[in-house]
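Only one structure is covered here, and it is reproduced in the block below.
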Amino acid sequence: MNHADTIVVRVVAIEQVTPQIKHFTLAPAAGGNFPAFSGGSHIIVVMRGVNRIHRNPYSLMSSPGQLETYEVSVRRMEQSRGGSHFMHDQVQVGNELEIAHPVNLFPLDKIARKHLLIAGGIGITPFMAQLADLRTAGVPYELHYATRSPEHCAFGGLLSEREPGRVQKYYDCTGELIDFEGLLSNQPLGTHVYVCGPAPMIEKVVATARERGWPDSHIHWEQFSAPPVGDAFDVYLARSSLKVHVVPDQSLLESIEAAGVEVPYLCRGGVCGFCRTKVVEVDGTLVHNDHFLSDEEKASGKTIMPCVSRARCSKLVLDL
Amino acid sequence: MLITGIKSKPVYAPLQPDLRGRYHLMVGHGVGGEPLLRVLGDLQTAAPSSGAHTQILYVTDAAAADSITGQIRAAKVANVRLFERGDELLAAFQAVLAGSLMGTRLYVAGPESFMGLVMRIALQFNLNKDEIRAEECGTLARRVYCIHCCSATENVRTNITQCGCGRWLVVRDHYSRRLAAYMGVMVDAEAPGELPPVKEVFL
Amino acid sequence: MNVVFKPDETFRDDFTFRNSPEAIRRFPLPFPEDRYMYSVNIEEHLPGPPGSVIEFPIDIDEHYVAECRERALVLAEEPRRFQALPHMMSSQWDCLELIMESLARDYPQHFALERRGSRWVWTNRPLQIHQTFTFGDPATLPQEPLEYITRQAQGDWVVMDQREGDLWCEAGMVTTQADWSLDFDMGMSFKEWHGPVPLAHEMGVFDRALKFLLNLRLNEPVRRLNWTMTIHPRLDTSPENYYKWGPDRATVTPQNAGNKAHLRVELQGLWRLPRSNAIVFSIRAYLISMQELVTVPKWARRVHRVLRDLHPALVDYKGLSRYRDAVVEYLAPFDDGAPTSPGTAPE
């Protein structure tokens, strides 16, 4: 299954919300409403550049109760492979883009007795939609939101207005840090913690929660990896009898797609495991960048997640 | 219709301390005291300071030796509470959970019919599989839910049992954690009056 | 498609349910071959040929009005046939939207849905219902949303919440089931719920099905067929009422099997729901008597062979032990041993 039925959208508003973050409001090009979704969902935005196609996942941050538009925010990545630069530099109001139907890999747990949300920087986006769900759910929740400074605190004002008493903001510039130890030591039974933000923050929250005795079934995180840049290499697709060259700033998945071979995917960010592919042969080492395969699976070298992982080799053969 | 070999039947394992837990709540009934003492000992050996974060709730029972009760009463933990009746323990257990924090691990030991009621309360507090450990000991007598009249019969020891509604039920291995009971289905529905031999099987 | 309803049919007492010749031709035979074993036979729920039961995502047929009345009769006696845990409310609205949108789009002569923001107006002409309500506000409907809409839909509906890498059976309307109880199975995980199914666990069927369903996507529903047999055209073969229908199984003879024994095929559809991220599982039962079935010679041959050679564990699980031989004897004269063409089409 692949995204045969993408939705064509028109960009109806662009707002620079922080020095690094642009906020895009999208409407269905054909008119009417978008499909409904649940808080935590992302969409894949398809950007048709001059030389290549970018497909990046962005969390939906508009309210699930409002479907005339979808909203996403995009942080300009310093080491962008092109997707965020395309959104920041190329996309204008009135342009058309394509998106895939929403997928939720970061849902709220519906029987939680309390939700503890922890956001860092652009990691606020999935929580914006989840908060809209939580406001009517009748279950206690709180959001802890860390950014560099008030200037970088996207949607800070909106959050304070919508969530009085439920949002705590922290600014690096004034030395305010989230007290993860304290926060995770004192939560009632049945609490779930959700974290989205930079990798060190996620690692810190997950490690602290485990250290404070939280079971994994109550710890949720989402981090889409952008496919890292690496060495060029050749991949041979055994079933399609194709040879594809992977350049340094293009992912394995993108390269395979550009050669006309479809690989099923959901997140394109190393999270869901959907694009997992069998490795037939490799004459070097696999560079696993995903959050899905276990360490043993990575070490075995039998499968790879082409959305974010690559190889350091002259020849990689995949079962595609 | 499958009677035995149904995957919803819970599987139990000997209690082991979960050292990733921060608080340890031990709940037992009668002969379940023995595994509780054992896991408590293992826990205190592995984590000598854990006693300050451990609580025990225990129903004394004629089936269990007095020495077990004595050892539980003397356990070096933050709190020990003994009860004479299961329902008293369940009420106290619910109150304890309401005041408990994330990081709590639940250890349950005793007859399945008792543990089922404990775990049904734990479910209401969203304790998941990775927060609960359970060891079955003592009677295998079952709590049986009559699918026809929607009432539960306690302490069923036989493969076939008569429900309060008058029907004879065959006890299936199909188990509901929400109802804390096995399913009982009328045994002679297809041929009224034809009852298979009644045998004591849940001893 | 213009459906002519048969509003007076019954599924109990005098059992006046019958299939028209058109209904027989569109019957979803679940046997593509002359033998049967479990498989993870899931496929995309794409539109099928005009007139087939899969032409539209949710099928309405000549039995619609009668089946809705039968459901109301069951609920009047046993309100617990509809249940929903409190956290399933958003999935209830999802289901209501799915069913109303599908029926209004595919059967505009019978149903209409007008949406003005959250104010919705629903018209169901066959059941003479005209309802204005506020989407998202349960107080504006006479029943909870899932109960309300499934009283107006054929087949059973079960909603599964997704969490902890599992699917949990936590809401549903179940009045036309093949011997399983929503009341008992509420709150169960996917494998607990399917616990009573023999062989399939060992074959890894549920591992694979669960893994597949956890990744089910919006807008890409899937379907499969399942089957059993029922004596009389009785929709409510619930464990709750086993004592009412169980005795029928002992009354089948080769002489009366043509009229009494029915093949019961479930068209199961699965949709990811948008607001709740839950999955709804629809289980739509189609019934056909053996004497209706043998009007299609290929089907008579095939069903004869499938039943004759069925694995003993499945004979027991499907409750056929007392009457399978009688049905096979009834069908035998219709099987001349000729090969059957592949696939399920009548010929």
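Labels for the chains are A, B and C, by order of writing; each one numbers its residues from 1.
Heads up, the rule we're going with is that a contact is a pair of C-beta atoms (placed from the backbone, for glycine too) under 8 Å apart; a residue touches a chain by one contact, two chains touch by 3 or more.
Just so you know, these numbers come straight off a predicted model, no measurement behind them.
Interchain contacts join each chain to each other chain, per the touch definition above.
Interface comparison, A-B versus B-C: the higher number of contacting C-beta pairs is recorded for B-C.
Centroid to centroid, with C-alpha atoms defining each point, subunit A and subunit C lie 38 Å apart.
Here the spacing of subunit A and subunit B, counted between their Cα centres, is 42 Å.
Put simply, the C-alpha centre of subunit B and that of subunit C have 37 angstrom between them.
For subunit B, the set of residues that touch two or more other chains comprises 128-129. Among all residues of subunit A, those that touch two or more other chains are 109, 111, 217.
Residue positions of subunit C touching 2 or more other chains: 164.
Interface residues of subunit C, counted against subunit A in their complex, comprise 44, 87-88, 90, 94, 97, 136, 161-164, 215, 217-220, 274-277.
Contacts from subunit C toward subunit B in the complex involve residues 80, 164, 179, 181, 183-188, 191-198, 201, 239-243, 246-247, 249-250, 316-317, 319, 322.
Remark: subunit B residues 1-2, 5-9, 123, 128-129, 145, 147-148, 150, 167, 172-179, 183, 185-186, 189-192 touch subunit C in the complex. Of all the residues in subunit A, the ones that touch subunit B in their complex are 109, 111-113, 184-191, 210, 212-218. For subunit A in complex with subunit C, the residues that touch the partner chain are 1, 5, 35-38, 40-41, 64-65, 101-104, 107, 109-111, 133, 217, 266, 272, 274.
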